[in-house]
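Just below is one structure, and these are the notes that go with it.
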Amino acid sequence: MYELGVVYRKVERAEQRLADELGAFGSATVHEATGRVGMFQPYLRPIYAGARVSGTAVTVLLQPGDNWMLHVVAEQIRPGDIVVAAVTSACTDGFFGDLLATSFKARGARALVIDGGCRDVKTLTDLEFPVWSRAISIRGTVKATLGSVNVPVVCAGALVHPGDVVVADDDGVVCVPRTRAAVTLDRANEREANEREKRARLASGVLGLDMYQMREPLAKAGLRYIDG
Amino acid sequence: MYELGVVYRKVERAEQRLADELGAFGSATVHEATGRVGMFQPYLRPIYAGARVSGTAVTVLLQPGDNWMLHVVAEQIRPGDIVVAAVTSACTDGFFGDLLATSFKARGARALVIDGGCRDVKTLTDLEFPVWSRAISIRGTVKATLGSVNVPVVCAGALVHPGDVVVADDDGVVCVPRTRAAVTLDRANEREANEREKRARLASGVLGLDMYQMREPLAKAGLRYIDG
Amino acid sequence: MYELGVVYRKVERAEQRLADELGAFGSATVHEATGRVGMFQPYLRPIYAGARVSGTAVTVLLQPGDNWMLHVVAEQIRPGDIVVAAVTSACTDGFFGDLLATSFKARGARALVIDGGCRDVKTLTDLEFPVWSRAISIRGTVKATLGSVNVPVVCAGALVHPGDVVVADDDGVVCVPRTRAAVTLDRANEREANEREKRARLASGVLGLDMYQMREPLAKAGLRYIDG
Amino acid sequence: MYELGVVYRKVERAEQRLADELGAFGSATVHEATGRVGMFQPYLRPIYAGARVSGTAVTVLLQPGDNWMLHVVAEQIRPGDIVVAAVTSACTDGFFGDLLATSFKARGARALVIDGGCRDVKTLTDLEFPVWSRAISIRGTVKATLGSVNVPVVCAGALVHPGDVVVADDDGVVCVPRTRAAVTLDRANEREANEREKRARLASGVLGLDMYQMREPLAKAGLRYIDG
Amino acid sequence: MYELGVVYRKVERAEQRLADELGAFGSATVHEATGRVGMFQPYLRPIYAGARVSGTAVTVLLQPGDNWMLHVVAEQIRPGDIVVAAVTSACTDGFFGDLLATSFKARGARALVIDGGCRDVKTLTDLEFPVWSRAISIRGTVKATLGSVNVPVVCAGALVHPGDVVVADDDGVVCVPRTRAAVTLDRANEREANEREKRARLASGVLGLDMYQMREPLAKAGLRYIDG
Amino acid sequence: MYELGVVYRKVERAEQRLADELGAFGSATVHEATGRVGMFQPYLRPIYAGARVSGTAVTVLLQPGDNWMLHVVAEQIRPGDIVVAAVTSACTDGFFGDLLATSFKARGARALVIDGGCRDVKTLTDLEFPVWSRAISIRGTVKATLGSVNVPVVCAGALVHPGDVVVADDDGVVCVPRTRAAVTLDRANEREANEREKRARLASGVLGLDMYQMREPLAKAGLRYIDG
């Protein structure tokens, strides 16, 4: 799938409005709304708690221990983008720190999602530039080998095309294909409306067993209650 | 050990007072007081820092990727309980989120300890409903296969019987068998009294080497000091 | 390399001033300034966010599940030291808790870096005694088998000699050999001066591509831009 | 659950005939016949391929890095037993090697299942003494701290009582409670008879879709076939 | 990317001849010939040593702990295919055993590559039906939830489209996109020709330093030789 | 500790005779004879079973994803050496394959111990060139960044100096410092003589409890036998 040594300058991005509205639901609801696809593996964790972002993906494919292409991708960032960085082989090095964050931020990036390590987390936290990474590591990287920018990438198990919507928060990260953003937003709205009412009933002490009418299917499946 | 497809309605719970008093000591002291048994493996981590809870266990055995039985166990919760959820096979999916937390809380549960994943951690934090889990994951679960409720379970390596006392905090989670709760509490009290005085002496600069009279046994074991 | 059953009382420590000044740069900058050597593997994590410390190493080699030597090393601590604890075999047990922290603190230690587990993290946080560890575990340890104090140790993959400088913060932990502390400090100063100016330019929107003059080497390496 | 410092001499063992006959089915079939309970986590692996054993459990609880109790359990072994060794905390050390294997074999043990490491694997292979372990490690252990013998243990996530049947082969390890051995054997026989015929049909090219009549439930669940 | 609940019946397969000839080179050479893309993460391991296969991919997306779709994919297998099974969430359960292997073999499949567990490895070895899996586990799966067949999948980090070429052996697994199979084969042929001659020179004692003319670039990069 | 960009040409090697004789004991016995130090972490595994080698270490420090220095170290190999390769950051890439093995073999190397990945394992097995590695991976490496040769390295947690003795077999890998080789050999001889007799006694049914006179210390430690 990957091509190495290429930079695609032209990215058809999902509408920013869709990305923004999807972000308001949070990653777990959006993942449900996609039909439970597009999850980044849960080993990616935010470097600080409480951030919630969404945006359009610009993608970059890195070589292990080499962050050269992060400088190349910086030029392709537009305001509202989230950089999604895959690595051709598992690596925890600190590909990203305060200088690149300063640059990404200046270009309008909202966040970085990287299947590698990052560093300078205190500074990034102060800058309020959120990063979801697989590790925090002081080890820097070299600039010696080409990767690619704005090719489809597999990042933490998720396939991401440039221009897709990415939503990230304390629960994790999810990708919504550009062409599915509108329909996913509709479903997220439906789901949320639905859940609001359920939450109120559950809070009042109603059981899910009754609210979801599970007693009959449970009995049918053979569930037995024992009182001894 | 496990039985599948059964719900035991009757649980002989440890006295709530014992659970409460044990909780005041924290998990590490209680683990010492049990004679160093009953530890949940340390890969279980709290979803937010600072929570300390104790309670009586209601147990549930889940299938991987399936949270049906969490709705079944909800009905068996009594105020003061902690739900302990085992999974028949390693799984990081988000079995538990804000709706179930709302329900568990309404039933009087104090916490969830789950050998699987959870999600909606920001909402759970706001609700002050603490969870100790092996992962945080946006991925939801199905409701298709039976497990059991209030059978003995192995959760993160710890054997838990319904009605046992569970203590959980930033350090981890420990289970005290119901029939050992009183004696464990006595020992925790002794230990704590003992430690208070030690802490003061150590703070004043006394060495553990002297306070615990270790110099002789160390020498006997062959320890050599070299001044060169 | 290791010798078991010995305590070296005499440690030639790096100058405290060098340790202090290195600490001000943080672990990532110091790691760069060493030429990217001396990293502790990133699985060591701080028990609470925001701590930054530096100091001179006193080292201790522990046996798995046994913290006897932590009492022995306490006597060798001088104000400004950081205790670096290696374990002869991977172990997540809670070797260190509030009593030892009280003692270490009374002796003037600034922190503990341990390739094992620790506990009582809430108390340690309240005490502001930072620990970098591989796990948090309620499980205590025995005092039965000898290790060593102030021998060279390998801790989380880093070789540490007694008296070396250790710098630790949210990004991780790095060791600077005693004899390299001064030159490393010089390099850290140069690097930092250099980065300050770069940061300002990047913040103004200048690209790393231009600032570092990467366009030519990238083209030479074969990077192609595609506009379709 | 655990008691430390005790040796139960009297074990009510499952009938040897049941253990032998269950062993003939292999671990996967027996696991199905138990209703899918009693699995040891799959991180336990045999030290050599091709061994298949079954027997009655004698259990031992070890401390990390300490194999003292393996000598104690040796005396409790009877011909036809399998030693099941749990460890109170995760440890990969080599608790077991050629000397203990010689002793266990002389006592009539058929195998060791250990939630820790072993060593001398070439010699154990030559002796045809199979071991399922979580690691192979040259690191030996001390003899300093008590555990227990013939108490219920949790080994690699499986609860094992002394006298239970253990079946182990290339696929893994399963425990059958003593009181369930006979009924599990009946079910294994049924299953096997059932599968023999199925295997022949599948080998002839019949599809599981048809043989198990899955087409209708799949359609009902919403499966769509697309020919474009 | 994924669609759930669909089966694509029509797959445009790479030419069988290309798959066969690529297979002869082995996975490492083919991975080089692709330009180092298409690797399955190395945690996938063969269940027995010595197998080398290649074929055209039919893909299946499974739910954790659920192998229903393996029966659905069986019908889509044509002689020369390799089944590539992704799972929507990390799971080590034994999705695949001797019955399915019998069926797959009867349909002409050459192998299974699965990002989950398998079982009955002794029987599969006897059948000479190779499997690359992330685990071996006795735990069976249910048949309750839909996945998909012949959609693009991410398996162990590799993106695979139906009809792509898959090559697998002791070194690992690689995917070659259908449209790149011919050019990759050419490159593999070139590479192999090139290496044959190199191997002979190296065997005669010529150094890579000289054969690849590395001395100058190494010196330029600053390598220093020290004779003290 | 590390220096980057240097090659030490002069290595004071342990006597070959000592390396050879130590090798005859195997890694576990040698590890005991060193006093239980010098172990490489057990995640290093041999690529095929049955190899046992010993030799004098030449060391190399690699960068992640970069095997340039393996060509540099080749020139420093003398007959009887074992190459010990550390990596500055965790990496599973295939740094080493059949071409380098051909070259190393031609230079007289007996084995490679690498804290990274290797590939072409079938060819290496046919060549009878054993490798202990942390992974098997088809992914090749670049030649872009300097490391060092014949500096002290930390490989899989073990500190190795050039010229030290390395012993490796199915149980793992151990390093004996050059200056300790002779005394370690003496201790290994003693240990082995000692064990031979013990093995015979254990085989005859004598218990370790009696042979090692453990009954009294066990009773003293509080072990209780229960006959109910």
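Labels for the chains are A, B, C, D, E and F, by order of writing; each one numbers its residues from 1.
As a working rule, contacts are C-beta pairs under 8 Å (C-beta built on N, C-alpha and C of every residue); 3 or more make two chains touch, one makes a residue touch a chain.
Bear in mind the structure is a predicted one, so any value in this text is a computation, not a measurement.
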Going by the stated contact rule, which chains contact chain A and chain B alike? C, E
If contact pairs are compared by residue number, which of C-F, A-C or C-D agrees with A-B in over half of them? A-C
More Cb-Cb contact pairs, comparing B-C against A-F, go to B-C
Rigid-body rotation angle, chain C and chain A, from Cα fit (steps of 5°): 120
Go ahead and note the Å separation of the Cα centroids belonging to chain D and chain E. 31
For chain B and chain D, let me know how many angstrom lie between their CA-based centres, rounded off. 27
Whole-Å gap separating chain B and chain F, where each centre is the average of the chain's CA atoms: 40
Give the residues of chain E that touch two or more other chains, as numbers and ranges in rising order. 36, 39, 88-90, 92, 137, 139, 145
Here the pairs of chains that touch are A-B, A-C, A-E, A-F, B-C, B-D, B-E, C-D, C-F, D-E, D-F, E-F
The residues of chain F that touch chain E in their complex are 5-10, 48, 68, 71-72, 74-75, 92, 94, 97-100, 102-103, 105-107, 117, 119-122, 135-140, 143, 145-146
Give the list of chain F residues in touch with chain D in this complex. 26-28, 31-32, 36, 39, 42, 45, 49-50, 52, 169-174, 195, 198-199, 202-205, 207-209, 212, 214, 218, 221-228
Give the list of chain B residues in touch with chain E in this complex. 63-66, 88-93, 137, 139, 142, 144-145
Interface residues, chain E side, partner chain A - complex: 1-4, 35-39, 41, 88-90, 152, 154, 157-159, 177
